[in-house]
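Submitted below is the structure of interest, expressed as structure tokens.
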């Protein structure tokens, strides 16, 4: 399809309006032909000038990467360290912002669902903390691996810029990324930000009004995107979220039965999208993952950054059902046994009991 | 692609030679654009004249259907009844053929893998029984659901005509069927058989010599077929067969742990392709299947013919791996519990133990 | 999709009802997993017994093949010879049937669109001829290459059995074929016909009532078929027919300008689907076709049977537009010049004038 | 496929090495998940600091856009105006660089193939002009619509950074873009450039050494890319270029016969990829394009920027053959006649003569 032709505009409009129903926002959604990393960069360069201070809460590896990216762009990014075993603590955010009397902090950057650990941050409570501190900074939220899998509500939660990508909950190949923008951020962008062109919201929003893009869009992914949006609404977003919660709960039942620890220690922050599992000391998670791949042709997620080799990750993202989860958990349980890793049996049984119970309740 | 053009012949040759490596035969393989039922008809009309006697052993529903088809074509088909809980008994075949002093029986028709029950017949032993009885009849074997999943050796086993289709072990959509033909059958066909044109081996074999077909072939499936043949040899036929045996064994471990009966009662005849499972008296297998479909979006095979409602079938055909099997068995175990069907737990655990053991041995 | 499962029936019903709108018939349409040749055989074995006389009019190669097929099935097929340069002559049919006082002729078999020559037979006039002769024989019409490209009206024209396939006007890969059956043929089939099973209408029509098939259907082609039917109705059958007529007219304008002859000499019988073109004596059409393929990567249809080497065929079947036709005709005109084949220039110009005129009129 | 898994590296290596054979370079090629616009930005931000002067030669709309982009990034971009009817004039480049005694100009930015006009710039001569002026600036060349269609030789021609994308000569959907980098540019980038992260060559080149990427790549397009590279080498790059030159020559023959003007007036700069055609004064090219689309379902390229409404574009990019070109030119010729646009006939005939001649010569 000719991306300058008359038929294209209809597709463009469907994508742009459709993404608002996924972000649950009334402001514009900007679509980039890029990876999610590009959308991280876009959110920063449109709102923060070189030298501006941004606070990132280090919930894990991805928060860390985002902070490094900001520093490369000349932003004064302060990384608030944590133990990588929970989401962002809203009380700590409130203290930190209250202490910033001079309002040097221009933005708080939070990862909604930390893929590296399996912890979700409570965004609504973080917003309340910002409001309680009466702090004017922007709230930038990366929901790359959260959107369309875990509940997300940009408008209700007061997220100034939400960032996401095509390859997780939207079930597409990688190659598209998003900024969903609220009015306050848009206003800031008109007077601040870094020098920018590819990522410039202003350059995008003009052509977007008529359904077009200022440069060649990734047309084939846009076609996939309207299908994905329709599929999500056909199942119902609430049902999608509930399905992921069921699967996460069944997974944790298995982990508990095995006598292993989840990486996330805060029950309120358990991710509905994936579960990070710690192997006992002295056992290498990457060797374990290699054995699972060899014996059962299943690729588990690896530990990233400072928990590399300590953690493996069980994901249940996107188009996933109960029996695929049971296949996954069976592969883990068999591999634990075959690898002589200290554990109890019965994890698969516990997961079946959990799924059965929620299926009968649901 | 133009099926009369020069490029087509290369494809035709690859298909025809490739299928010989799957049937393990040196005689020609004829490819029909038809369902497997067409290949049943083809095998009969090329070798048997109206009024000729054929003996079919009723190992289950499909043997039954084949017999009915033969009768419609005017063949004097005699159906040897069994209890549908085992493959063909070679001793009984020997007795039956010894009793046919006048050699009225022109063909013995056997289903290699009875999909309706999960029983495999021992073809090599049946051939030995025919030889022991010094009977000149042809051996026609339907291996529609057996080929490329269960061991099959046309030449070694002395199968005169082997019949198969595209949609099972060859992992393609339905629409192609096969007759693999040994010399004796070819000789019979030149002087006997029913009036025929579409199914005529003679009409096929002429054009096949140069890689062409006498009428429009199902070209897109032929492309798929050369890929499927390559995939099977890449894995190795012996490895493919071993994989199916492992899965069948693990499945039977689960069934035994549940305290349920397999439909096939003869261990030598257990199918490596699927397992028929009987529900306790008073429980409707079709209601059970409907519940599995509703709760877990899994479609189990139904009981056919006289075991309708008594049996459900667990298949592990084609491109299938350990974790897909565990997903399947988990779905059955959860559904047995949810449906209050009398059974013991532990089937999934038993299957994991079986798979683990064979994985570590293998 | 499980072809015995509940979702399948909806697909089956859509296919069976949809095909009635294409054949323009009220009787049932039977769908075979087979090539069109299978549907030829089906129409014969359901209505004619061995020894029954059928008259085939030899409009070209395909009528010839159909006649041979009938003879192999034991039918007393009489082939009425023609010069292969026109469709069936209704007057000749009337004479022939009037002469058959004893009504030995059970069926008249006619090819609607003779692909080998590019001649269409006037089916409505043939029906009138049969009626004028008050002959009770059945009218069997092969519209394999006509249906969905050239106007066809089974009910209006009184065609007792219409035969077609998936790979021409229905724009699908080969692998499905059809019999559209009117009441009289159905009645005949219940008391006559050859021994049959795969092709048996009776065996098909029972399961078809609930949307199912008596044996494994070619499911992937059935999905394609419902899409193809929808596409045809979206464009409108009349518009599809008009498009083909325009293209055939433009093609003939080019042929006339080149000073070449069309194989079909009867203007009333010009095919809207393809045009057979004769090369001047002493020029080999197959060498010409090979040169076109080599220089322009275009595969023209070859002459078949007794006009092999004399004729090449220009088709404009299925999903084809004006500019594809112009590309085709340009390739022919350039190849005529490059091959030093006696001809005039200006064919492409004439075709453009023809298309322009009809585009502006339309 | 897991883009952190062991199988991915093999794909990554094939892509990165393969692209060197397309750019004909020995330096590294960086692959971005972005549109070509992103690769424009990448080339600039890695080599030029804010305030650095770059000279862009305005060969048409795309050169113009690139200049605007540079200005947005804070680069002092000077746009050398032309009449949009030719490529870059090497002599003018030489004069301009000679006049820059103080070497304030850090980069010369040139569009290899100007899609908006159909003019190609002679890159080798431009390099010679830079060398003659002994100017140390970098040569940045956008070959987004040139690469893999028009001859391009990064090493031989001394192009410091070459920029391209996936959706033109590489025949893929949009979504990948490239920077091919020579040593001098790499050295400059280590001490200069804008603040950058997503576009940073340094961040890319580390992981690329082992076949990986620093952030999620557009995996499905990478699969397509290795196929596209193989296809190009199978045909042979020289043959691909010759094919495009033939098509462009035939197109210009048609335009000349019609009595219309090509937008490009310099024969040495005629693009082999597309031809811009001017309509006579008083005729709106966009109305003409709309009529072509309506009558013949063909989408011609529009005039962009200051030649909007004056020009339409005939492209013959990517997987294109002689008969597709003839279809295209026929559509134009018929539409010129139908739209009463003053022109002569015979364009299609002239193009056929041109193609025939080159086919027979070739």
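Chains: A, B, C and D, in written order; residue numbering restarts at 1 for each.
As a convention for this text, a residue touches a chain if its C-beta (ideal position, glycine included) is under 8 Å from a C-beta of that chain, and two chains touch if they have at least 3 such contacts.
All values reported here derive from a predicted model rather than from experimental measurement.
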Where the CA atoms of subunit A average out and where those of subunit B average out, how many Å apart are those spots?
48
Let me have the rounded angstrom distance from the C-alpha centre of subunit B over to the C-alpha centre of subunit D, please.
57
So the centre of each chain is just the mean of its C-alpha atoms; given that, what is the distance between subunit B and subunit C in Å?
37
Topology of the chain contact graph, where touching chains are joined (line, ring, star, complete, other)
ring
Pairs of chains that touch, anyone?
A-B, A-D, B-C, C-D
Spell out the residues on subunit A that touch subunit B in their complex, using ranges where they run on.
295-298, 321-324, 326-328, 330-331, 333-334, 337-338, 345, 348-349, 352, 355-356, 359-360
Contact set on subunit C toward subunit B in their complex:
2-5, 32-38, 41, 50, 68-69, 72-74, 165, 167, 173-175, 194-198, 200, 203, 214-221, 299, 302
